[in-house]
Amino acid sequence: MKPLTTVQCDCLIAFVFFLALLALGVIFPSLWLMDTLTALFASGLLAMSLHLLVGYTGLVSFGHAAYFAAGGYVFGMVLQANGFVEAAGAWSVPLAILAAFAATGLFALIVGLICARLSEVYFAFLTLAFQMLFVSLIQGLVEFTGGDQGLVGGIPRPVFLGIDLTESWDRYAFCAFLFTAGVLAIRLVTQSSFGYTLRMVRDNERRTAFLGVNTYRVKVVSFTIAGSVASLGGVILAIFTSAAYPEWASWSNSGEAIFMIMLGGLNSFLGPLAGALAMRAINDVTLLYTTHTDLAKGVVILFVVLILKRGILDYAIDLVRNRRAQADNERAKALHRRDGERVDTREDADAAA
Amino acid sequence: MTHKNHTLTRRNFVAAAGAVGFMSLACPSILRAQGATIKVGMPTILSGRVAILGETASVGARMIIDAVNAEGGIDGRQIELVIRDTKGKPDEAARITRELINNDKCELILDAEASGGSFAVHEVMRDTGLYCIHSISEASALTADPANHVHWIFRSGRQGIHDAIAGGLYASGLAKNGVKRWAVCSPDYSYGRDTTAEFREFLSVFAPDVQFVGETWPKAFQPDYTENITNLLNIAPEGLYTCLWGGDLVAFFDQASLYGLFDQFQTVAVNMGDAPVLEAIKNLPAGIHSGNRYHKDVPDTQANEIWNTAFRKSGKLPTNWGWQAYTGAHFVVEALKATKGDTNRDKLADATRGRKIVSPHGVDGTVTMREGDNTLIGYAVGYGKTLSTDPHLTDFQPTPWDVILQHEAEWKERKKYL
Amino acid sequence: MLNFDALSTCLGATSCLVTQVTTGLIIGMLLFLVASGVTLIFGVLKVVNFAHGAFYMIGAYTAYTTYAVVGNYYLAVVAGALSAAVIGVLFESLMIRRVYKENLLMQLLVCYAFVLICDDLVKMIWGAEYLAMGIPAEFRVPPIRFAGGVVPPFYIFLVATSLLVAVLCLLLITYSRFGKIVRAAAANATMVSVLGIRVPLYFAGLFGLGCALAGMAGALAAPRAVADAGHGLVDPD
């Protein structure tokens, strides 16, 4: 049998991952688990898409929540638009998702074109400024967005392909699908040659430019992809809450996404997801005992930063890798040293960087 | 290369799956058995600048539920109030409410969210179809707008339009004494915008000759009001209307007093009359016109006096939120008594609709859940003047309910709500 | 919202001009105190103290309690500055010192954690409800009318104090032995430590000074604002 290509392999894993999520829903048919996971899908996609910028492109965007919120708002506004559901019928939800994806992509493209020329701190603050602009836009256009009260009145979600998003199981499964698709998209980007160009830009932009790469374009494309994938997170949350709120685009939401990445691990692909999970777990476990969740969060973050000195997943991977390196060492000693066998994985190279 | 890469991904995946497993273990609440108690979920704000809202609302709701439990509960079943902090964010309110229903197995919801969050809770309750009483939100549209009408959802607190009619009527009295040029200074979000617009509408109805000469809109939780204050100094109106509230109102008053603002014109501050605000402002100017919110002398009855004393035993000062949540819990308890503990939403709704209950906060000793739009009427509404010492509010002028109801009906017609 | 008509009318009238200028000064001076603390720390230690707002909050709360107990506003301001300084030194030597060499995001994370912890501790000690200190009795006087404009005496005091502190800080950094050592250490810490000076001690001191400025600003502003937990992180707007 021919060995699978990377792309096929990733797709297969994604498929298995999706099945596992479905199985989880079947094995534990608790509404709480499904709701928690759905909320996690949303914040996970926000963090994972931001990771494409922070971890792979070296762009620290402080305004990523704007694209997340834009996804939710476009999705909701399209479906609430007069006559849309009647006209599109069973296709309204997929069309609305497509619209959210495309519109947010365009929005991110425009912001990216303006911001990508700037370096580090200026980039961070300009993206933040665009986010704040977006928030005031939402709050200003009361007729369309409901202002600070949010997009209320319920988002109509007609049945399509036999999927009824008002049913909790269907909703969970569909959100799991969207989530998996988003994560797979990011995975494919990071594993493509374009993904390696991103890492080069991150590690040494000037040198990359000398190699003839248009780094500006690379950054803009990366920014656009990250923005559109984040919009899927917003769509998930809009499906979940049947509404959209300006708080989704708040600066604290962007900040939280950055903290999730740092907490989970900057150097692992799934780090942000681990971070999102950890944040949620800290929150929920603390709530069993006391309402002081912030205190618990703060202490855990301090532990991670000051003691582990890297994200949780990075730490775990380093631990395993060290152990394996030790085992390798011993084997090598036993067999005498053979040359040229040690293969550094790309992830290794990433971690080293 | 490809192969290596593949294993790594799998390892990442396994780690994530393990973490999911850990989470389900770490949250024993999934496994928590459902008892024989009737669980009432209460999403409210317990942190941030508005924490006092949730804290006093909790006291109010607990007062009545503890009393019922002490008497043996509903048909021997105790009522458990599950209170959760939503941090005042609508999306958090939606999530917490779902969690209260799905995870904590609450069978009905006593919503104690401010206006923004109450709409979020409203959507969740519409979606999940459980019985719900909004106790805090004063946004008129929540129950008056037919688009929001859901027959199993009620409101047990003030409706903005009632206060607006009372305020307009009271301010028109000032206008007769020469206060013709008005300015407004209200918070820049929907509560502030809507409440102010309603006040303006009714002041113009009752005193057509008044003029609105300026407006200034501070942001939510703004730390500095100097800009708004100097703006008002420039406008130099004869009357000022503000619906700032809580900590924002305290900060605004402290800063405005420095400029001697309140010596220069009449001020109507609808939310001034709550005990924590009145007692937090250290140098309260006398003669500010305020709505009653909750006041121990309004209505001036023995029952209200007793309620006031009982509330203060909690260590908190009684607030408008306190009596509203109390009233909400009261309706919940009465409805449960009527259905003998059955939490079926339609049965509870039938037991609530049109019900009149004995209440220390009603003008005639009762309040009624009006049929038709599921909102509360008959509670004490009116305006008075502040005093710098106890009892802090004097010259109280109650607004008769027949006047309120008549103008409310006209307003609904104008809004095409009927 | 821009209102050019109002602007031109205002520019034409002295009364309006006086009021607006003093208003700008008072907001500006308090911001200046906070900002100069951040700059002082960033300039020398090359670390952005994202948790600066927490020290403002600590200053305000300490001032509130001191004022409630002692009844003296000036003492309350001093107490506010001191408490912020002490906690600042602790924060530097226990946490920030370990991430000087790390990247910006790690520093941000430490500050964020500190803010979260501070917010919750404040909530535990003072409760989550807002607290109002009230204008001190000595400043409860009618505003001064000057060229038709209105200026509250309390604000004159605030501006003057802020200016005085700013000048003192400048002198301290420029002329004092402490200032000279700190500046030298900023340029080349190793060389300074070779000269037998305990650089970490000076860095902690400088960090404390920066925090004291924030605490003082919080304490100074306490009478005109309500104190509430949860505003620790520097607001981006």
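The letters A, B and C name the chains in turn, as written, and every chain counts its residues from 1.
Keep in mind that, in the parts below, contacts are C-beta pairs under 8 Å (C-beta built on N, C-alpha and C of every residue); 3 or more make two chains touch, one makes a residue touch a chain.
Just so it is clear, the model here is predicted, and its values are computed rather than measured.
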Graph class of chain-chain contacts, one of line, ring, star, complete, other: complete
Comparison of A-B and B-C (more C-beta pairs in contact): A-B
Centre-of-Cα separation between chain B and chain A, whole angstrom: 36
Set of chain C residues in contact with two or more other chains: 123
Shared interface positions of chain B, touching two or more other chains: 46-47
Chain A: positions in contact with at least two other chains: none
Touch list for chain C against partner chain A, complex: 95, 98-99, 102, 104-106, 108-110, 112-117, 119-121, 123-124, 233, 236-237
Chain A partner contacts - residues on chain B that touch it in the complex: 1-6, 8-13, 15-17, 19-20, 22-24, 26-30, 46-47, 85, 89-92, 94-95, 98-99, 102-103, 115-116, 119-120, 122-124, 126-127, 147-148, 189-190
Complex interface listing, chain C residues touching chain B: 6, 10, 16, 19-20, 23, 26-27, 123, 127-135, 139-140, 142-143, 150, 152, 154-155, 221, 223-226, 228-230
Chain C contact footprint on chain A (complex, rising order): 54, 60, 62, 128, 132, 251, 255, 258-259, 262-263, 266, 292, 294-295, 297-299, 301-302, 304-306, 309
Contact footprint of chain B on chain A as seen in their complex: 3-6, 9-10, 13, 17, 20, 24, 28, 30-33, 35-37, 39, 139, 142, 147-150, 152-154, 166, 187, 191, 237, 241-243, 245, 247-248, 268-270, 273-274, 277-278, 280-281, 284-285, 288, 291, 313, 316-317, 320, 343, 345-347
